Amino acid sequence: MEESEQLLTQRSEGKKPNGHCRWSTRSLDSKAVEDFRRRLKYFFMNPCEKYRAKGRKPWKLMLQIWKIVIITAQLVLFGLSNEMMATFKEDNLMTFEHLFLKGFKDHWQGNYALYTKADLYDHIYHYTNLQNLTLENLAYGKIDGKYTPLSVCQLLYKNSTVDPERDSFYIDPHIDEGTEIRPAEGLVFLCRTFRTLLVSVNINFTLKTINLQTVRHHELPDCYGFHIKIIFDNCAHSGKIKVGVKNDVQIHECKDYNVKASGKIDYLVLIVLFSCIQEFKIFFQTHFNKLVTWSERMEFVNGWCIFINISDTLTITGSVIKIGIQTKFLTNYDVCSILLGTATMLVWIGVIRYLGYFKKYNILILTLRAAFPNVIRFCCCAAMIYLGYCFCGWIVLGPYHDKFRTFDKVTECLFSLINGDDMFATFLNMRDKSYMVWLFSRIYLYTFTSLFIYMVLSLFIALITDTYETIKHHQKDSEPATLLHAFIEEVPESA
Amino acid sequence: MEESEQLLTQRSEGKKPNGHCRWSTRSLDSKAVEDFRRRLKYFFMNPCEKYRAKGRKPWKLMLQIWKIVIITAQLVLFGLSNEMMATFKEDNLMTFEHLFLKGFKDHWQGNYALYTKADLYDHIYHYTNLQNLTLENLAYGKIDGKYTPLSVCQLLYKNSTVDPERDSFYIDPHIDEGTEIRPAEGLVFLCRTFRTLLVSVNINFTLKTINLQTVRHHELPDCYGFHIKIIFDNCAHSGKIKVGVKNDVQIHECKDYNVKASGKIDYLVLIVLFSCIQEFKIFFQTHFNKLVTWSERMEFVNGWCIFINISDTLTITGSVIKIGIQTKFLTNYDVCSILLGTATMLVWIGVIRYLGYFKKYNILILTLRAAFPNVIRFCCCAAMIYLGYCFCGWIVLGPYHDKFRTFDKVTECLFSLINGDDMFATFLNMRDKSYMVWLFSRIYLYTFTSLFIYMVLSLFIALITDTYETIKHHQKDSEPATLLHAFIEEVPESA
Amino acid sequence: MEESEQLLTQRSEGKKPNGHCRWSTRSLDSKAVEDFRRRLKYFFMNPCEKYRAKGRKPWKLMLQIWKIVIITAQLVLFGLSNEMMATFKEDNLMTFEHLFLKGFKDHWQGNYALYTKADLYDHIYHYTNLQNLTLENLAYGKIDGKYTPLSVCQLLYKNSTVDPERDSFYIDPHIDEGTEIRPAEGLVFLCRTFRTLLVSVNINFTLKTINLQTVRHHELPDCYGFHIKIIFDNCAHSGKIKVGVKNDVQIHECKDYNVKASGKIDYLVLIVLFSCIQEFKIFFQTHFNKLVTWSERMEFVNGWCIFINISDTLTITGSVIKIGIQTKFLTNYDVCSILLGTATMLVWIGVIRYLGYFKKYNILILTLRAAFPNVIRFCCCAAMIYLGYCFCGWIVLGPYHDKFRTFDKVTECLFSLINGDDMFATFLNMRDKSYMVWLFSRIYLYTFTSLFIYMVLSLFIALITDTYETIKHHQKDSEPATLLHAFIEEVPESA
Amino acid sequence: MEESEQLLTQRSEGKKPNGHCRWSTRSLDSKAVEDFRRRLKYFFMNPCEKYRAKGRKPWKLMLQIWKIVIITAQLVLFGLSNEMMATFKEDNLMTFEHLFLKGFKDHWQGNYALYTKADLYDHIYHYTNLQNLTLENLAYGKIDGKYTPLSVCQLLYKNSTVDPERDSFYIDPHIDEGTEIRPAEGLVFLCRTFRTLLVSVNINFTLKTINLQTVRHHELPDCYGFHIKIIFDNCAHSGKIKVGVKNDVQIHECKDYNVKASGKIDYLVLIVLFSCIQEFKIFFQTHFNKLVTWSERMEFVNGWCIFINISDTLTITGSVIKIGIQTKFLTNYDVCSILLGTATMLVWIGVIRYLGYFKKYNILILTLRAAFPNVIRFCCCAAMIYLGYCFCGWIVLGPYHDKFRTFDKVTECLFSLINGDDMFATFLNMRDKSYMVWLFSRIYLYTFTSLFIYMVLSLFIALITDTYETIKHHQKDSEPATLLHAFIEEVPESA
């Protein structure tokens, strides 16, 4: 804010901007300067003006629009197949939970816990013949005609005794790992010998299934291998045994089907790749061939160019990974979706650059850019107070309130409170604690909310309003917005 | 904002506005100009002034108030009967769910699912004698003394085998459709042959009932035919069989009751129709008979007139459909309610026009109108960033978070977050994913919220505050607000 | 805003304010004027100044502080006993629901419904011997040694048949009311003859209990008579039978206990009454004895006086009702609590008057008062748009969304949305409807939210900011704030 | 705001500030003045400037950074162990609830209640052999080889009869306390004689367990003694018997384990203690040795110093308590966490002091400080209205709405509503009451929300915006910000 203002007040007082001096020192020859200026001027023209000035077709703009269309199209296609895959995985996980956890209910799946020995036995004996249960699209994994082991892993402290009655214990901290059984043999032999210091029981097995949905889209179905781990976690030794189901999934081509995955590399990816590389080429030609020194080059690489190049790089990397996924070499859907998603976001935000050619559409981006340094400085200070509150809230309220249990939860909770989250629920859950903590929690929440919602947020509005008015005021005077533009515009007057 | 400002600064510097020139060129004859001006002036007077100037009764204003009253009355009546109908339909649907889905609970009705073969059999065999169950106001549909078929539709892949153990499958993508049975015959013969690749089981039947509630309001009861479809959907082949109940409803007059539906066309509709058509007539007489050319006509059709005409058109269309519904020719309640609802909304908003005759009440509508172009431009830019975030969020977080599952859900979720939705819940649900996605989701949400709540929303306030001050400043100078008014006011000075 | 501004700009231009003229016309005699002015000046002094000027003790201020203390104390005492009574009633109602509704669960008590004949029978037969169930503090009411009747009221259409299969029906709209039985006789004879057109079954009975909690506070326990009505409501004939429990409660002194309720009229009430009446006296002496005509009197009754008088009137009425409640003549706790509550609120807000004597504390109340006319005007316009949206939302979305079911729910829902309610939930619940309604709901919600949150709310901030700056600007010039003050201050200059 | 403004306008008009005079009167000797000034100037230099001026290393800054690092590190370590302890306690409590309350469900644990005699008997007989139930890490407490008593405490009114049928009762308000039994003897003898006026049944027992988790971190496990009290509370005599579980916990070293708790006093605490005491020393040396009189000393103790000293005091106290906890002398984790948490918060906020040396980072803290007096004054007035609403809401809506049940809940609820809580839910829960209360609740909520969200919050923004602009305006003029600085800067000009 102050930066742009300083610059502009300088100029209105007739002083030469520093930028001008820097440019002029290097170019003594006035003709060369003039030529340089013309090229510069052309460089900064918007597509319309370029077309009018030299009749040049706006290839770059058209390429950009083309890019937005195909990148978004590619993203949508990837999104749809990604979603189908994710839904299939999630539905299967839910099925496993219903099949292998006795009495499982959909709600509060994260809080499933057992409290008595009897319940634990019941749950471990619960694994029966899978084929009779489901609609026959699930099978235990087999290796060499034999089922893959259903391993039950009992973690326990060996040779340890605990006698809470007498406040005495002997523990050998070495944890003993358990045995493996196969589903055919059943789970009978297990569980006779649950000793005092059971740490956890893990049941591992592999299930295989085929995602038949893709048949409808005339694609080949993939085969999925789910490595399931059911964990009965007693490591807190608090009487509450937490039950969790984790699964890893491997996706591979089904074996006994010979039809090749022809046409699976969709041509869209190739078009996207081609467009992006093309753009890279244009960018380098434009920026690096015409200019001489490296420092000159750097001057012209403005924010938007870097922005678009990052976007292109992400797109290319993402598309390459996508090809890998489609040809079953890779399975890291997450990396691919993050790369493609970020790329698409940048491409869309990049449209603002072209909207900015129309003066009145500029206000958002100009204000944001002008306000940015102040906002950052301001946020630094606010962040100190915020961090102070976070640490304090975590340490004091953490043991008594779910939302303050971990440090990142505290930051999220407080951030949400500033932005209008359900405050009464937060207040309410802290009830029924020791009076001192209760009182502290009230002071803590009231001061935090008042400080941030009433003071800091209002100050934010003041900052932005102020910047907006500065921007608007200078836009009216129709002065050139940056030093570079000033140079271009000014010299003809001196000529 | 800048538009109105430019105009007004121009004027205060003594320049003739462009609009004036445009008007004056056509009217060389000064007497004709004067006459034209007088008519114009009269045209723009508010009802009070017109009454004072020519003693004309404010027919239009009275008609408008009359219209608001009767349109709202009609809407309320329609609303009440619509609500009764809707509640009856919804209660019946809920009854069906409780009768035909075993163990159905009210909560999470959208997520009802089965996981084992046994459960599926249980549910399909569940359909018993309806008459013994309920309080005898429901019956299966009959045609020619016979019950309409209770058709059970088994969709499955014919001659297909799947062997997930060996990663092999053979599928004939042709889907085989099932058989029909009648409730008398029971469901016994079914279900012996659930083969591997069951896609879905649909149970269709028709139930008939009579809405007896209207008897109390001395209206004839209507007969309802519910075409119910219970869907056991296994098309994802993930072990989770989703259960859903869909129903179509047909409303018709009951047959064996001979009393005519006398008085069912309420006279209110006719009054509404008459009022609106009358207004149309006045509008056309006022605007189109006194002026000569088409372009002249267009000039005088200002925003409010178009506004009111749209409202009238919607009212007339809606009322005609309403007559159709009341005489049982039509059943599209939805279209009718949308038309009538929108019409009523416009009529109420139209009141602001009359409030605007009092200068101080004008501020809201003037500010909104002046801020509109800037707001739209501003929204264009913000929408680019917003869309970028939407695409990115959908693709990356979609598979892991319910609120990001579909693209329109993403737009709604982000829009809600800006406006103060429960952010912590949104943060929380993304827990327990792969670390990379978890990190991405944090960065995504923090940047999005900060950018939109702190920057964009604050900028909105700056925009509106700025416009408000411009408007207020000019209102004080009591200058005419538009070119047209300027023309009317200015000429007497030159005369 | 403009009002105060106009006034003050007038003054700075040296013009006499109109108010001055009005005053001066009546008082020709300059000595009388001077005297009048002195009295006026004294009248408007704050307590400190009065003390300094004439040594008068600030009786009124002390009375006011005294009033705040005792009115709040009285309120707190009433609140505590009111709360104990309300909790006792609510706990009893909850007990009744658990005892008399089979399988009742705490959650979703408003939505309890039955769907089959069998369930209905079960529920009606459910009433067993109460004494064996509970901890013996509940009894059926008895009259003359006999139990008050447990009346079962069957509402049904007499001689009516409905045949939904054939779309035919015969209804005699006359509703037949049912029979009464006593608990000793059981409910056996009932329920043989549930015919087609059952409208509702109401089970009425009286239970008596004693609120023993007050024994601990050394007060006499009250006897409660609960008239319970259990309603099985089938009036919609939709298969869903809604179940509800309503209870009326009568509180009376227990009969067989002879100790009088001595000391039950607490002296606090009398003190409150005395203080308020005293204040009334002072008010009338101050304002009505010294001045001659009625119009003169009216001039001096400024806002705060009216405010405090309303507060006093409410306090006195409330306190009288409270005495009635404590002596068991009256039981309308609600009226009493509303009167006392509002009175206390006004007394607390009245403190601002005294804070206003310190200039810097004035800003809130001055700004609110100055902004009030503009805010009201502004709200009028906004209310038109708001009402339009309400009607439209009610009619179109009412049948499909719980939050839009009734008109007052719509107003509440939209008002809440503006102020940051959970928007995503509102969006979400409209899913799964016909596409047209779905689309309409999206457009409706997006436009409404954008318009009100971004435009109207921002405009509100602009309004208040503007008023604040006007107020602050004029406060600095230290000009008298109102005409009356101007008159007082100005005359010495002319003298 | 006005304060700083006044000061600065004074100065720009060339007047000597009052502060200057105060200083100069005492220091007649110009050389002493000069010396004093130089020392003052140096005193107010920021670390960079001091280094440049005298080459002094920024020891204090480095000490500060060092302090932040180690205090935060200490806090994190304490937080982690505190969290483990809290989770262990909470999990155990949850286990007790599942073991000792029949049919306990996780949701609505605060609302668990019984309604019939039979249920009460069932629950009291529910206590069986603990060792067979759980995974053997829980035991009843034993003293001298015998189990600690499982005492069942029946509170009841002795010799009292209640006959609600006849509205009569006889109560002896003396409460009789019950008997003790031991788990070995079972609970059989109990419960024959539940008489009419049971007030409550309390079951007390002691459980012992060992927190084995710490073994993994190579720390010694602690022994926990839980004193559990299960309360069946009938004191309201409303038929609803509330069930609650309370537990006190004692943490002590396990007895039969001889390894000393070596290394348990972590050195971090000692470093923290040393750093803080060191800082105290520096502070006293700097501020109290060089200056002569006490009043002089006070002048230089500015806000930040007090701030940091408070922080240090809290840190030292907290660290000492922490040592006590780690050596098992103390168990008040809460006090320790509040002290350490607050200290850490203050240390982090203290960082802003150093950021403030860079002029542009100052804006947040300057604005907050300048706005503070006005905000406080403003809040006083708003608090009056707020308190009025609170009292009124508590008294009128308290009996009908959970959120208004107690006074502190009302304050929280209304505060939350202002800051964007779920308003519709608040509206909704007040449904189904008497019409008058319903209407009152609507008026109450609408007026409250409108007044506070639209008026008061907007005024807040206006206040902050105004202050921000004042601050920014003066910052540009680069005038010294306080009187003290003014003195330092000004004199050289006069010299």
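Think of it as A, B, C and D in the order they're written, each chain with its own count starting at 1.
Basically, contacts are C-beta pairs under 8 Å (C-beta built on N, C-alpha and C of every residue); 3 or more make two chains touch, one makes a residue touch a chain.
Model, not experiment: these values are computed from the prediction.
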item	value
Path length in steps (a step moves to a chain that is touched) from chain A to chain D	1
Most remote chain, CA-based centroid, reference being chain A	C
Interface sides of chain A and chain B: same vs different residues, half threshold	different
Chain B-chain D separation of Cα centroids, rounded to whole Å	48
Centre-to-centre distance between chain D and chain C (centres being mean Cα positions), rounded to whole Å	34
Shared-contact residues (touching 2 or more other chains) in chain C	420-422, 461, 463, 465
Touch list for chain A against partner chain D, complex	2, 108, 111, 113, 115-118, 120, 157, 162-169, 171, 173, 194, 196-198, 234-241, 374, 377-378, 380-382, 384-385, 387-389, 391-396, 398-400, 405, 417, 420-424, 427-428, 432, 434, 436-437, 440, 442, 446, 449, 453-456, 458-459, 461-463, 465-466
Residues of chain A touching chain B in the complex	72, 75, 78-79, 82-83, 85-92, 94-96, 98-99, 106-107, 110, 132-142, 208-213, 215-216, 218, 221, 223, 252, 254-257, 333-335, 337-338, 340-342, 344-349, 351-352, 355, 360-361, 363-365, 367-368, 371, 375, 403, 408, 412-413, 415-416, 419-422, 457, 460-461, 463-465, 468-469, 472
